[in-house]
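Order of writing sets the labels: A, B, C and D. Residues in every chain begin at 1.
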Amino acid sequence: MAADDERHLRERLTKLRGLPLLRGTRLSGDAKRLEQQLERIEEPEPSDQEIWRSVDLARHSERPYTLDYVERLFEDYVELHGDRARAEDPALVTGLASFRDRTIALIGQQKGRDINERTRRNFGMAHPEGYRKGMRLMEVAQRHGFPIVTFLDSPGAYPGVAAEQHGQGGAIARSQALMARLTIPLVSCIIGEGNSGGAIAIGLVDRVLMQEHAIYSVISPEGCAAILWRDDAEKVKAALALKPDAAHCLELGVIDEIVSEPKGGAHLNPDEAARLLGDALGRTLDQLSSVPGAELREQRRERYRRIGIYTAGATEPALRGGS
Amino acid sequence: MAADDERHLRERLTKLRGLPLLRGTRLSGDAKRLEQQLERIEEPEPSDQEIWRSVDLARHSERPYTLDYVERLFEDYVELHGDRARAEDPALVTGLASFRDRTIALIGQQKGRDINERTRRNFGMAHPEGYRKGMRLMEVAQRHGFPIVTFLDSPGAYPGVAAEQHGQGGAIARSQALMARLTIPLVSCIIGEGNSGGAIAIGLVDRVLMQEHAIYSVISPEGCAAILWRDDAEKVKAALALKPDAAHCLELGVIDEIVSEPKGGAHLNPDEAARLLGDALGRTLDQLSSVPGAELREQRRERYRRIGIYTAGATEPALRGGS
Amino acid sequence: MAEPRIDVSIEHKHRPDNSDGAGKHPNTCPSCGSHYRDDELEANLRVCPQCGHHFRVRARERIAQLADAGTFQEEAVELRSEDPLAFFDLRPYTERLAEAEVSTGLGDAMVIGSAAIENEACELAVMDFAFMGGSMGSVVGEKLTRAADSAIERKVPLVAVTASGGARMQEGILSLMQLPKTVCAIEDLRDARCGFVTVMSHPTTAGVLASFASLGDIIVSEPGALLAFTGPRVVQQTTREKLPDDFGLAESNLRFGHLDAILPRSELKPFLGRALRLFRNGR
Amino acid sequence: MAEPRIDVSIEHKHRPDNSDGAGKHPNTCPSCGSHYRDDELEANLRVCPQCGHHFRVRARERIAQLADAGTFQEEAVELRSEDPLAFFDLRPYTERLAEAEVSTGLGDAMVIGSAAIENEACELAVMDFAFMGGSMGSVVGEKLTRAADSAIERKVPLVAVTASGGARMQEGILSLMQLPKTVCAIEDLRDARCGFVTVMSHPTTAGVLASFASLGDIIVSEPGALLAFTGPRVVQQTTREKLPDDFGLAESNLRFGHLDAILPRSELKPFLGRALRLFRNGR
């Protein structure tokens, strides 16, 4: 290893180690995440080509969507519809199902495969009504103690006039707030695009699984390019700067596990992709099911409360990361 | 007392006594209600004229409305607006206020005084959005332990197309369900018309106070006449059959206390009407504030679970009422 | 011009022809006019083989359609309405009650009992529109409450099939009190973590829609069922608005987010079986 | 023709003239064109005496407007952003940060501390749009979290005044994580039964609107403030819809049920005093 490379790695490790120390508390889930993070650190940082390839694969038109996994992983699926107030939003599907002899509640963003379905599902971009439907299902799940599994795969919350008038921002905030109150296990699977508020609205959970070629980002590369470069053609530069790939997300402590995909991407073998995702999901739910509800909630809040990288000047030197 | 009168009274008393026995349990609030009921039984049954007079006075165009009492009874009133989803419904007002050094949450149906305000407030007939606004306030109250005071005064939930499309029935059901879950004191004041689902939507409470000339009914006299007599001109007959007056409501165990009005009706002296209502409300809140939340909720549910008059054939003869 | 504070825009849809065909023979399809023998209709779950119109189903027949053979054990058979207000409109309430009992063979508008559906134990509460329009008075309220208690005791889900014109006016304010009463019973059921599925059949309106029927973990309906707090006639008269063609129908309710699914009657039993399995596996 | 599943009817309203007047002198009213000396504007709470236009207020000035004199005690002054992604767009993030600190005199886009408003003890968290558009990165998230903790510890309400363009992209996915982070902090605040009032000032958008700002027990705003998850320009470009004149403004938010009140700046302090008294009396 070249001296430069080694210094680079050490810097990243320092930064990384700073993360779990930020608030001094350790979580039961941290050990595993940290271990994976440290293993990962031995591997080279993803190249620019690899990062952009994930952006491409995550949005591949033949990539398996939420309902493709539902079909392969769940039994007795009962889809539930409507926000009980104003609308049914097909961009976000909810339901109950059996997963390896355990009843779970599903909340998933759903793109469409052909043009009709895409239009009907608004390209997977939910209105506030979709998030309110999700919240209704969370209440059902909480009442019965069903774990919740969310599937993230959407360009974002829909940026339309009606969506704004109906309270997009508030709906995303309240959906997260409800998730922070639940005392049941919550797991997110990022299976394609996890973008911005539209993703985190159903992504405040105990464990985040992320497929190898999925992306998770505060904004789409195009959106970022339009704002910072004032030119959305600079989306590749933006993607490379945002680092939305699974390896970086793991390194930053934002996800818990990278789930392998079949060689070449999930779309080349959806059955195998489902098997790999199902195994990771099964293991994760097994782990969480032994934790009492109040503890789950406390750890969940602590998890998010600790996320962030900053310095605290002279008074708290331990927080200072690398560089 | 004539023999006929006495027999009549005894029959009513028998029926009345059957009520608290229905499920065998006694509530802490029952003693007082039963006492008032028994006192009342010594008085003659309200005459037809008296019943119809209450219907008239309850809907008198100068009768004090919710905000008239708010102004006279509360301090630091902060009105809160909006259902956080789609609309602000001025037919139902919500807010926080100080009542005799105690912070309470207010939810009240509000008619309008002049034609503009009437139109704006839809004559006090709420859409589902209004009930959802009320539920939002219930959540705030629960979070902070504020007692809730509801004021009932409306011709009913609005019977319009949009109200139906936006889920009027479900909103009324869920508002009640939320009230059945709260662990804070809940008191309703029936100050004018308490009609149908629109009233009970905010009327599932620990104690119901009813002004002397208010009415409380499953349907308006006009609506009942239209259905049963197929002629809404028969509203007087319908009113007399429905017996929506305070004396009958107390007798049936549906309300807890009749609050006196100034001679001739509340509209002749709103200040005095407010004083009388305020005193009753203050006493009631004092009583309830000493009861632990879980117990309040249990007693509340038991209160409603016991309401009903029916016979159970040979197997449960104790349930058989008079006649 | 007054600004509308609430968005009262109305969606108009084509209304499926689902009039109740008042005056026609009950076995004549109001939708396509086909006529059937009673046993033909019964064998087809009272769905018109020609056009799919869903006829109303009486309570006992509904139970036979849903419960596994021989599993239904009726409860609270003995409850009967009182006449606390001595209510008299064009006829005395007591007379209406007696007549309803004779014509329907039921004590009131709801039948409850324990049952199994696709081998899953549950409690059933089924309403019958033929008994005074399925109106909810003290007996219906008490029966629903007892059904919830029975489900809680046996730790099984409750399945309610509704059909109702609303509260029973003849019991005055006591009928309104059946709304909070049934709501409280369902809240106890929820606290006990028992599942609750409601099947809203034609029509489910007013007081029943505004209480326990709307509180299901899962809410389904049948094609063309009217589900409205206020029925079309009263809305029309009160507001003078032009009603959408599918006003208040299940199809409109699904679109507006109030229903989980509309199921043809033949799919109802398998659906309930699946739902009950999910609740059992989740315990 | 495809049926809209969600009612996307749009209400159009007249948009108050509230453009930010980019390019003009900051003390020239973008609404009526009047020009003021800085001390004139400050004396009038930065509201145009001519037309009532509400100019933006910097964090320290806002605190001076709201807190009783001498009561504000700043907390977490020392926090500074890191550059975990070594982010570089047209310029390095570190350079943008340094410049923002120099030009604003602030460590990041939020100032927190304990204070009293009309003699009611509370915690204040005030955002400053001048620091990188009030964007929320790790420091803003941490400061809001510490403000919540400080309120919990002292059992006092939290008052947050927001002004933000959204999450700070330069911190990548970590900036998105400040949404759940602040939400969790507010849920802890709620569990501790501390009151929470948010004052959304112009503009409050994207990640801040979609997290703690929308969770106030009471949410108020100022006239003409833009409160939107997605701003008008992006909505326009993405959907090609014609935007209502008051798109995203406080007035539209109030009408659609998202706000409790719109208060002229002069009424803000008395309102907060009243709200804080209510929370204290309710404890």
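As a working rule, contacts are C-beta pairs under 8 Å (C-beta built on N, C-alpha and C of every residue); 3 or more make two chains touch, one makes a residue touch a chain.
This is a predicted model, so every value here is computed, not measured.
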Selected pair, greater C-beta contact count between A-D and B-D: A-D
Chain centre separation in whole Å, for chain D relative to chain B (CA means): 41
Where chain A and chain B are represented by their mean Cα positions, the distance between them in whole Å: 48
Rounded Å distance, chain A centre to chain D centre (Cα mean): 27
Sites on chain A at which at least two other chains make contact: 84-88, 129, 165-167, 170, 174
Contacts with 2+ other chains: residues of chain C: 5, 7, 9, 11, 255-258
Topology of the chain contact graph, where touching chains are joined (line, ring, star, complete, other): complete
In the complex, chain D residues that touch chain B: 190, 193, 195, 217-218, 254-261, 271, 274-275, 277-279, 281-283
Chain D residues within the chain C interface of the complex: 3, 5, 7, 9, 11, 255
Partner chain A, residues of chain B touching it in the complex: 84-86, 128, 132, 165-167, 170-171, 174
Residues of chain A touching chain D in the complex: 15, 86-90, 119-120, 127, 129, 157, 159-170, 172-174, 176-177, 180-181, 196-197, 199-201, 203-204, 216-219, 223-224, 227-229, 237-238, 241-244, 248-249, 252, 254, 300-301, 304-305, 307-316, 321, 323
Complex contacts: residues of chain C adjacent to chain B: 2, 5-11, 78-85, 87-90, 137-139, 141-142, 145, 167, 169, 171-181, 183-188, 205-207, 209-215, 227-230, 234-235, 238-239, 241, 243-244, 247-248, 252, 256-258
